[in-house]
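What follows is a set of structures for review.
Below, chain A partners chain B and then partners chain C, in two separate complexes.
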Partner chain A sequence: MRTRAEARRQRWAILGFAVAILVLSFVVLKSAYYQLVLTQVLLWAVLSLAWNLLSGYSGYFSFGHAAFWGLGAYTVALGMLYFDLTPWISVPFAALVGAVAGAIIGYPTFRLRGHYFALAMLAYPLATLYVFQWLGYQELALPMKREAPLLYMQFEDPRAYVVLALGLVVAALLISLKVENSRFGMALLAIKQNEPAAEAAGINTWRWKMLALMLSGAIAAIAGGLYGVVLLVVTPETVFGMLVSAQALILALFGGVGSLWGPVIGAMLLVPLAEGLNAELGDVLPGIQGVVYGIAIIMIILWAPEGVYWRALDRLSRRSPAPHAPEPAAGTIATPVAANVAPLPRAPAPLGDDLLVLRDVGISFGGLRALDGIDLAIPEGGLYGIIGPNGAGKTTLFNVINGFLAPDPGAITLSGEPITGLRPSQVCRRGVGRTFQVVRAFPRMTVLENVIVGAFVGAPDDAAARQMALAALDRVGLSARSGAIAGGLTTRELRLMELARALVPHPKLMLLDETLAGLAHDDLDGILTVIRQLRADGITVVIIEHTMQAMVKLVDHFTVLDHGRLIASGQPNDVVRDPSVIEAYLGKKWVDRVAVPAK
Partner chain B sequence: MAVPFSTVDLLQALSAGLLVGSAYALMCIGLGIIFGSMNVINFAQGDFLMLGMYAAFYLTTGFGVLAFLGPYGGPIVAAFLAGPIVFALGWVLHRFIVARVTGAGVSQIAGAGAYGQIIVTLGISLILQNGGLIVFGSTPVGIRTPLSRQSWEIGDVLLNQARVVSFFFAVALAGGMYLFLSHTRLGKGLRAAADNPQAAIYMGIDVDRAHRIAWSVGVGITAVAGGLVATFQTFQPYVGFDFVIVMYAGVVLGGLGSNFGAFWGGLLIGVVQQMSTLILPYQLQNTAIFVVFLLIIFLRPQGMFGRLSERT
Partner chain C sequence: MNRKLTRRSVTAGLALGALASPGLGIGIARAQTKAVKIAMIAPLSGPWARQGQLLRMGSDMAVDDINSQGGIKALGGAKLEIIYADAGDSTEKAKNAAQRLLSDHPDLVGGSGAWLSSFTLAVTEVTERAQLPWLTLSYSDAITNRGFKFVFQTSPTADWQASETLPTAIKLAEAATGKRPKTIGIIQDNTASPVSFGKQLREGGGLDKVGLKPVVDQIFTPPLSDATPLVDKVRSGKPDFLLLLTSAMPDCKLVLEKLDEFKLSKGKVPLVGNGAPFGSPELLKTIGPELLEGLLFSVANWPMKGQEEFIERFKKRTGEPFLTQDGLCGYGDVAILKEALELAGAADKLKVAEAIRTMNLTTGPAAQSFPGPIKFDDKGRRQDVPMIFAQWQKGMPVTVFPTELALAKPFWPSV
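Moving on, here comes the complex of A and B:
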């Protein structure tokens, strides 16, 4: 998230850009042809910005943005041909068509990830292309309206189109900026960097992805609609073709993926080049445009995979001593956070009613019964340990509780309310925080941003989220590192950061998955203190662990899991001394060790 | 219920589907080897197919290189020669471009994430397609042989002779590939490199080399399939795209990573495509494939013979 000052600077930059384009159009460029090229540059920039809004931020690469572009162009063309609809109405209407198409496409397609998503997106525009061919809309020419040209967006002066297209670019830039600076953008970035973690931190990933695709589809369609008006002829190949989808992502990647200005820079550099070559050499070398794009994209991936924008930024920051990594705004860190945060809200509670209850919970993976007939009641306010050998089903149990997996059969209630089958983000909203066996950080965000993502659940607005995140970092003792990029943290810091992210919305229940694993002895104590503090604050903690000695001292209650079943349950010392548990699940050597009293 | 087509139509479409499907099956094997070993989505696969078509075309007709083999043998030999030609091109492209964004040594690429590879192949695709337009021109061409216009009759069903011949050669080559992958040391190495690149490295397999071979063999096999298709269908430089979806649908249907599955997937896609003409207009043939493709992806992404492994 940018600071307000940065956002303001960006808005000035957008204004400056608009003025520069106007000067270019009205003062510098003389021929109508150049005005047309400029219009195209701007329209492709809009398409690329739309693509970037979805794919650049969320990481879900779309190879099918031609679907929206083409639908926009056909909306305008068909509207004019059959309903005598003026583009002044149909172009904005195209945005609605694009948004609806985004919803229809996204609904099934967001069940897929990675390569599968990219491939499925590829299919939509191409399937649509054939349908439009079959419908007989091979080549639609927009009728000339000589009696009322202005009413139908048919201007004498090509500069009018430049102004319209520029308006779209400015709007798309402002929307992107708005998204970047809100929880919308943070949610998309979190999805890109670690989707399960985002979901577990209370972000309804599906909703944000759908919104991003619909918004992106609307912007792409509106640009496609204006494109139809400008070119006056719409054919399935030119608006649904592969080159359209490719151009959307190539311009963004060339300029700088996931950046505000990347798509615009890509369009300003590549479109005139391709257009110019096409105009000069198109007769001799008919496919020169595609070749240029192909070469551009290969070169950029090989030599500057982050794009021109980021590369230039890196160069500049290397020359000046200013650090590249985003530093937290001065002052926010320096002021002691604890001062303006209410003291720990809940008093340590004695073991109370059952907070979490599992009834006959089971789940199968193929033929493997990973969990079988689990009955478990976890009382409020305790520190509850779950142990068991590898493959016992401990992490699966957590996945079932927090909603990554749906139990079959079984029912789970939290404070008496059923949570079976809810999305992880919904479970999180009801007060279940969780950490992961392998820390799931958002590696390219700062520590503070990582925690802010978790704070959106409980925070009324983004400023409050920031305050809550700072307080949570203070609580785990990580305030000093809040400006560091998460990718560079030590294991201990990562564990603490994940703890802070999970506890920032004040959960009732914390699920800690091997939080102590892989830590040196010295680091262990710090984390144990934090965990004890959680209990003191009234948070019920369930912890999966292998480190037996630490666990015996830490928890109030032990449950042993093996082969998906509950084997034993009770006070730590009793369970640990239970000969069957020792023999069968902890190994023979534990018999001797436990024989010596722990204290 | 009235059926809008007769039994003869049905058999005709089915047989046409199997004949065309055999060539699809072969190209699917090519794509499957690449996806299976390198875990790379190769956008340019259709364009290598197109190159195979043009290679066969020029070998047969362009320069009369194979004139001495006559109108029957020439096109088939040309189709098989297209393989090594495209293999060599694939080798070079992998060496200088693809290898830099794929393979065990390359971690995620900063800006584009894991997509660097797809994007590079997209770039190659654009260059080949549009370069093809420059070099070969946009006029559709085809390899005309006497077989193209003749048919054998079995009952009332007509079997295009060129398709039948291509069927046998496609199946033979697919069988050969199967033996190569499952019984030779090199083939096993490719599969090991696919299964677990890290482990393969530790076992002394040169994964980069394995990838280069997989990539080159993959595009080469697909080019042969293209050469075979060229004996019964006209084509132009943009033809690759029609086949990319055919290939991906086939490979995904068969199960990503299963070469055996890719064969059956491709065959089935051929049948679906031809059968769809019974009830759908001709132009919607490929839309039918898209629909099947999307259905597989949603309903059974692991395909018929694939496996799916993902951990939370």
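Moving on, here comes the complex of A and C:
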């Protein structure tokens, strides 16, 4: 999330861009041809910005933005031909068509991820192309209105189209900026970097993805509508064709994917390049323009694989290194925790009613019964450990509780309310936080931003979310690192950051998945202190571990899982002596050896 | 009044200055030999590049002919210069090409192009606003349905071709066999021109008018992967003849080969097509003369009687196996512009446009390049144009109808 000052700077930059384009159009460029090309540059920039809004921010690559572009163009063409509808009405209306199309497309397609999503998106414009051919709209020419040209957006002066297209670019840039600076953008970025973590942090990923696609579809369609007005001829191939979808993607990738200015940079460079090559070489050596264009793109990709924008940014920041906050010494970071290192009295707190209850919970993966007949009641206020050897089903149990997996059969209640089958974000909203075995950070965000993502659940507005996040960081003793990029943290810091993210919406129940794994001995104590503090603050904690040693020191109640079944439950010291537990961990042979002295 | 005058004179002065300033000194000396510029926009790259090249072969030849025969006589023997622009593979590129031509060459007096109807629609939006007379061979009715004043369509429109093709085909069948066909089969794809053709037949009453019953009526989306289901319908429907409206060569090949496989070729089911692609050298190369033998197709323009010497020169110059619509129209459009310049007596686009509107040519290279006289109506369509039919005979597509223009006699393939 950008700071307010940065957002203000960006708005000035957008204004500056608009003025520059106007100067270019009204002062520098004289011929109608250059005005036409400039108009196209701007329209393609809008399409690419629309693409970037979905694919750049959320990481869901769309190969099918031509669907929206084409629907916009056809909305305008059909509106004018059959209803004598002026583009002044039909172009804005195209946005609505695009948004509805986005909803219809997103509903089935967001079940897919990664390459599958991208490929499925490819199908929509191709399918629509055939539909429009079948409907008999092979070639629609917008009629020339000689009586009232202005009423039908038909200007003598080509600069009028530049102004209209520029208006769209500015609007698309402002929308993108607004999205970037809100929880919307944060949610999309979180989805891009780690969708399960985002969902577990309480972000309704499906809703944000749908909103992004609808908004993106609306912007693409409105630009497509204006494209129809400018070109005056609409055919299925030119508006639904593969080249349109590719154009949206190439411009953004070239300019800098996921950045505000990337798509605009891409359009400003590539569209005139292609057209210039057509003009210079098209009649001399027909076809060579495509080859030169391709080579130019390859060269740039070699030089700037992430896009011109990011490359330029890297260059600039290398020349004048941004003032980074000085790294605090290791000692200072640990201070809040170190102060509490003295072992807390092992006081089995007075336990309340059952907070989380699992009844006969099971789940299968193919033929493997990963969980089988689990009955579990976790009382309020406890520090509850779940142990078991690798593959026992511990993480699966967490996944079932927080909604990544739906149990079959089984019922789960939280404070007496059923939560079976809810989405992870909904479970999160009801007060269940969780961390992951492998820390699921958003590596390109700062520590603070990582935690803010978790704060959106409970915060009334973005400012409050920031405050809550800072408080949570303070609680785990990570305040000093709040500005660091998550990708550069140590394991201990990552664990603490994830803990803070889960803590920020004030959960009733915390699910900690092997939070202690992979930590050095010194680091371990710090984390243990934080966990104990959670319990002291009244949060019920359930922690998974497979190393018993640390757990015996920490928890007041043990449950042991093996092969998806509960095999023992009780006080830590009793459980570790249970023969079935020893067998599960060490094999049958050891049961006898351990059992003898016990007799 | 005074103020108005001042403003006008200032504007005029500025305009004059702008016109005169580049090379003022040599402007006068050169005036005598200054070339007259015309333009051609054609797909020179992309999927239609071949057709664009053919068009260009024709227009290049026309420019050479005109210049070697003394240029534009009414303009003191001024040479004709043709400027090409690539329409590429999209309407956007075609429109840009038109806008670019007009910006770079404000002294254009006329032009021709852009082959594909949707390209022509986009290009003429630009040329019409610039009041540049524009000739085109594209078929679509929409081109001259928009009330444009500066667009001239040398081909009969698609709807007219659709309404004339079947009556003419029936006439040919009756003349050859003495029997009037009663049933028809239609196989078409769903691209722009076959769709408008088919619409005229089905919804425009084209079939009813000639009393043909469609026993096979199939529309497919290209590319065709297998023609079996289509041709199977032909086998069971047994139409008196089959109307084939395909726009892509591979689809056409699949249908023809499948007909052969089902023993329906070689006249068992006579074939009628529409459009110049049915007579292209590529079709001959990929399908071969045996399967094509007897295939009839209606077309806007095809080499005719009286052009024998010209056809030979074209073949020699270009190395093409035969002349087709595209080369012929490329030549003809330039010839029309030349005649218009002669009639106008000035290198002025408005006067050239007016000359085209009023011309009525029946002789000379322009008139010889097209069937019927060069005479345009208010919409910019040519009047009194006969429907041309060509037929594949021994590996050559030759004009067989109307009789006075035919290079060979038609035959109705029958068993």
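Here is the rule we use: the second predicted complex is superposed on the first by the 535 of 599 C-alpha atoms of A that agree within 3 Å, B and C clash if a C-alpha of one lies under 4 Å from a C-alpha of the other, contacts with A are read in each partner's own complex, and residues count from 1 in each chain.
Note that in this section contacts are C-beta pairs under 8 Å (C-beta built on N, C-alpha and C of every residue); 3 or more make two chains touch, one makes a residue touch a chain.
This is a predicted model, so every value here is computed, not measured.
Asker: Examine A:286 and indicate which partner it touches, taking first as chain B and second as chain C; both and neither are also allowed.
Answerer: So A:286 meets both chain B and chain C here.
Asker: Going by the contact rule set out at the top, does A:306 touch chain B (first), chain C (second), both, or neither?
Answerer: first
Asker: Tell me which of chain B and chain C touches more residues of chain A.
Answerer: Touching more residues of chain A than the other partner does is B.
Asker: Going by the contact rule set out at the top, does A:258 touch chain B (first), chain C (second), both, or neither?
Answerer: A:258: touches chain B, not chain C.
Asker: Just checking: does A:131 make contact with chain B only, chain C only, both, or neither of them? Give me first, second, both or neither.
Answerer: Once the two structures are laid over each other on A, A:131 reaches chain B alone.
Asker: Thinking of the overlay built on chain A, is A:297 touched by chain B (first), by chain C (second), by both, or by neither?
Answerer: first
Asker: Identify the partner contact of A:141: answer first if only chain B is touched, second if only chain C is, both if each is, neither if none is.
Answerer: A:141 contacts chain C only, not chain B.
Asker: Just checking: does A:37 make contact with chain B only, chain C only, both, or neither of them? Give me first, second, both or neither.
Answerer: second
Asker: In the overlaid three-chain picture, which partner chain does A:403 touch, first (chain B) or second (chain C), both, or neither?
Answerer: neither
Asker: Which chain A residues come up in both lists, the one for chain B and the one for chain C?
Answerer: 130, 133-134, 243, 286-287, 289-290
Asker: Along chain A, where are the residues that touch chain C in the complex?
Answerer: Against chain C, the touching part of chain A is residues 31-34, 36-37, 40, 130, 133-134, 136, 138-139, 141, 143-144, 146, 156, 231-233, 235, 237-238, 241, 243, 275, 278-279, 282-283, 286-287, 289-290.
Asker: For the complex, which residues does chain C have touching chain A?
Answerer: These residues of chain C touch chain A: 44-46, 49, 52, 83-86, 88, 90-93, 95-97, 99-100, 102-104, 117-118, 121-122, 125, 128-129, 140, 142, 146-148, 190-192, 195-196, 199, 221.
Asker: Under the definition above, what is the set of chain A residues touching chain B in their complex?
Answerer: 59, 61, 63, 108, 111-112, 114-116, 118-120, 122-123, 126-127, 130-131, 133-134, 192, 196, 242-243, 246, 249-250, 253, 256-258, 285-291, 293-298, 301-302, 305-307, 310, 395, 399, 404-405
Asker: Using the touch definition up top, name the residues of chain B that touch chain A in the complex.
Answerer: 41, 97, 100-101, 109-116, 118-120, 122-127, 129-134, 138, 237, 241, 245, 248, 252, 281, 283-284, 286-287, 290-291, 293-294, 297-298, 301, 312
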